[in-house]
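Order as written gives the chain letters A, B and C; numbering starts at 1 within each chain.
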């Protein structure tokens, strides 16, 4: 930790939108050469604070001081010219342009108005070497993994002599190895004296890299703490306030007994099911009332495996039996007819229909199963929708609002409702708690427990091992598109052991160090 | 961990993909040309190629403008009407006795002005390019008949010189001045796209407009610029057409936008934007020209076969772009 | 403006209907006889009837186009399909010994409709199975279709003399032109199919997010395929009307630019070109606006080409009025609470509804 003066000071920041007070009297300091985590639930004001800082929004009250000057940026461009650059969660690059061009577009070295391509490539290579990245800078950015793209975005950001680098949830699409690489770059930049503002939902990552933490809640400042002096539980407590007890109640749940649910004919049994290029053949049984957790790194094949269960992709080998009867799952509708539901991890691209109302989004799967000739009567719709809005406490509780007006967590609940309405016997949940706040997360976890107690089989996929271990009867471990282990979730199984299974024999081992 | 493990595939397998569509168009052009040469002796005459440039020069210029628009992911349906309007305005002003140079300047200003307005409507009011340029198409075509419902001949000395002057070699092969103008437009456009910030911004917007905005690129200016450029190219095309036909006719170049779009797509530019080259567009126009030449040489085929063949080629190329994995968003 | 007017003003049909009303009023002022309808020979005659009759083909094409656009697609080939189906029907009739035979006419219609369905299926396969962007996929048939139509007519204009066929365009039923009933019937059929069943919602869902719809169990590809076939069928019937109106088929000019008019009608009617929500009633009003405009301009003795000037103005006016960006800039300022500023937020993150 440096002892110099802060490079950035925000004092008494307030910002209101019509009807909403997004920030109220928030202070924030950022020192050169530190990684500073900004924490808070969705709606706490993190995004607004960043947008106020980079000039996307104006401020109602308060001052922003960068170095010795008071500043008020007119937009991200002016901010980055002054040395405050932002890298967003979804990489904002042009996929069709080369790596070098993506770094320099808009400020290419030119002679007489003509872009000097040789110089662009040379400088790009130089810059990427600084980030310890050795790639072909003439290849289009789209041909590289998300992690590399993120590095390219960072390279673009720091090229403008950045003093402050804002990383807004940069890790949510990266696997552990990629996160490790990102962290290495972050540390290097920190050591060069750049101040890094880091926003993430992953607590582990905060403790892995941040020097200090600032916590926001409901648009107000909770406090600023050195990471070493703020234990994880205390952080969660500060973030969610009184709702913590919900999470703890789940925490205290006893280990789930596999023996209680295993036995008899499995609801779904697949043997040697596989798809070339997606997931190697695997065998798995899921019983009624059983929660099977699918653990593994991003890209380990967990989503691909789940998609085969649902017929979202066609398996090119292997057999499926539902209730002991051999069958084939060649399309989602066939899976739905067999009583299977699938909540995709990609809520925006594969989940919600943003234009349609909450009601329509909820009844969609049920309607699809009935066929278009048999519309669900309006009264039945009202009953169902009202029931699930109440049961899942969806806010705002207006069924005729377009679903795009809801927050991420509420959209996720609408999707859950869509599947619960079909009364599935197996529900596949792919990362249902990602990117939503802790309160909603706890509610969804609680729901999974209730559903399985009621006899529903659940295939639960999550990047967070603790969540998987907390909910599952059985943990299936995926690695490199292969199923490597099925562990009964008894006392011998803990996060370390699962992590070892994931890591053993993998080149990504270092990621967990 | 080695960072290189994060890259995908060796560079030799990845690089040419961007160029493949253009190369295929080139191959197709060569195949069609050799068919022509093997079937008809006169086809091997260099003048056949020159004639294609003479006959299709105005189309090529317009297609170059369209390439800019399509590269940003937009579309300009107004080009055919703007070509006709430019020719019409020139003929009308010349008839009313204005000096040739002044007419030229006025005619060359109308197209870009309309393009600029359309660009503004598209960008600032967020109306689909398809609809705005459709209105532009209606407007320009309406202006044509508003000026005159029948065609106006051009007798101006400058125009007739431009129409009749031949630049050739001793063996009798020649091109018109229009062809030289066409080539100049092509070269300037290729340079702008490859070497200027404006050109690179065009590609960036076509790749991902939201990223382009966040990367601080002047999206508004660029987007308006491409429609203005397309308007300018249409105006130049209109002047070239009036050189060629020595008249302004209200119903000329109807449906030309389809040929232009077809040429651009056959030339390997992806209609969703972000990928393509002016050179490909030149090849695309040549393909259309060679098809027409082949059908003319054959003599037994009717003119409608041109349309069917162009449609077939469009299909083949789009299918091909799908197969080699050029992704449409 | 009182609070009571607000729901009326914000109704999606308000502006299209207002434009239509303004045009009718302007016409009546210019030519007081505009609205007059007289009975002659047991049939109703008059400008309003003419407008309804002449807008029938556009309404038909517009219905199909609405469904296509609702799925996020576009069908540029409808004009060509009109020409092809008209050409096939006229060709068959012209070759028959008795052109007035009902059997001949129905065979001709069936053949032409069949051909149109095949073409629609071709579009559908390109878009839904091969996955080509709709605007390009249908561009193929838009270009090649004109050639095909001329191939059918061998470049000639086929003239026929068939009473029953003529009736499709010019016949009367219950004092009104038959064409109006055909268009109305088609509109009611499409409306019933989409709004009395779940088909409408399913189409909107596919247009809103095709992959999500597929994962919700909707056979998205099948739906997309279907709308192109329906669009082609609508275009074929429109093609019959167009050729019946003039008792001849011209491969080059029949249905020329009808696709553009149809797209305009759909957009004027409030359906977004991006897909999703669709409004059949809006499309019908849009088609009526376009036809009223054309008729007005004819009545003022302006050449049909110059009429395009007016069309351009109306198109831009209607689109501007409906464009949210335009309303935001020039709309009523300072009244009530504007919706929370939703600045162009390219980053698709979770919105916070606090």
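Just so it is clear, a contact is a pair of C-beta atoms (placed from the backbone, for glycine too) under 8 Å apart; a residue touches a chain by one contact, two chains touch by 3 or more.
Computed from a prediction, not measured in an experiment: that's the story for all the values here.
K.L.:
How is the touch graph of the chains shaped: line, ring, star, complete or other?
P.N.:
Its topology is that of a complete graph.
K.L.:
Counting C-beta pairs in contact, which chain pair has more, B-C or A-B?
P.N.:
B-C
K.L.:
Which whole number of Å gives the spacing of the CA centres of chain A and chain B?
P.N.:
45
K.L.:
Could you put a whole-Å number on the gap between the CA centroids of chain B and chain C?
P.N.:
It comes to 30 Å between the two C-alpha centres.
K.L.:
Mind pulling the residue numbers of chain A that touch at least two other chains?
P.N.:
Residues 88, 92.
K.L.:
Would you please write down the residue numbers of chain C that are in contact with two or more other chains?
P.N.:
Only 346-347 qualify.
K.L.:
Quick one: which residues in chain B touch 2 or more of the other chains?
P.N.:
Answer for chain B, listing residues that touch two or more other chains: 210-211, 214.
K.L.:
Touching chain A in the complex: which residues of chain C?
P.N.:
196-199, 201-202, 204-205, 207-209, 211-219, 276-277, 337-341, 343, 346-354
K.L.:
Can you check the complex and tell me which residues of chain A touch chain B?
P.N.:
Result: residues 76-77, 80, 88, 92-97, 101-102, 105-106, 108, 110, 113-115, 132-136, 138-140, 143-145, 147-148, 156, 177-178, 180-181, 507-508, 510 of chain A touch chain B.
K.L.:
Provide the residue numbers of chain B that touch chain A in the complex, in ascending order.
P.N.:
Touch list, chain B to chain A: 1, 3-9, 11, 14-15, 18, 191, 195-197, 200-201, 203-204, 206-208, 210-212, 214-217, 274-275.
K.L.:
For a test of understanding, state which residues of chain B touch chain C in their complex under the given definition.
P.N.:
For chain B paired with chain C, touching residues are 75, 77, 121, 124-128, 130-132, 134-136, 138-139, 141-146, 149, 210-211, 213-214, 250-251, 258, 261-262, 265, 271-272, 302-308, 310-312, 314-315, 318-319, 322, 328.
K.L.:
Where on chain C does chain B make contact in their complex?
P.N.:
On the chain C side, the touching residues are 74, 126, 130-133, 135-137, 139-148, 150-151, 154-155, 251, 260, 263-264, 267, 273, 303, 305-313, 315-316, 319-320, 323-326, 329, 344, 346-347.
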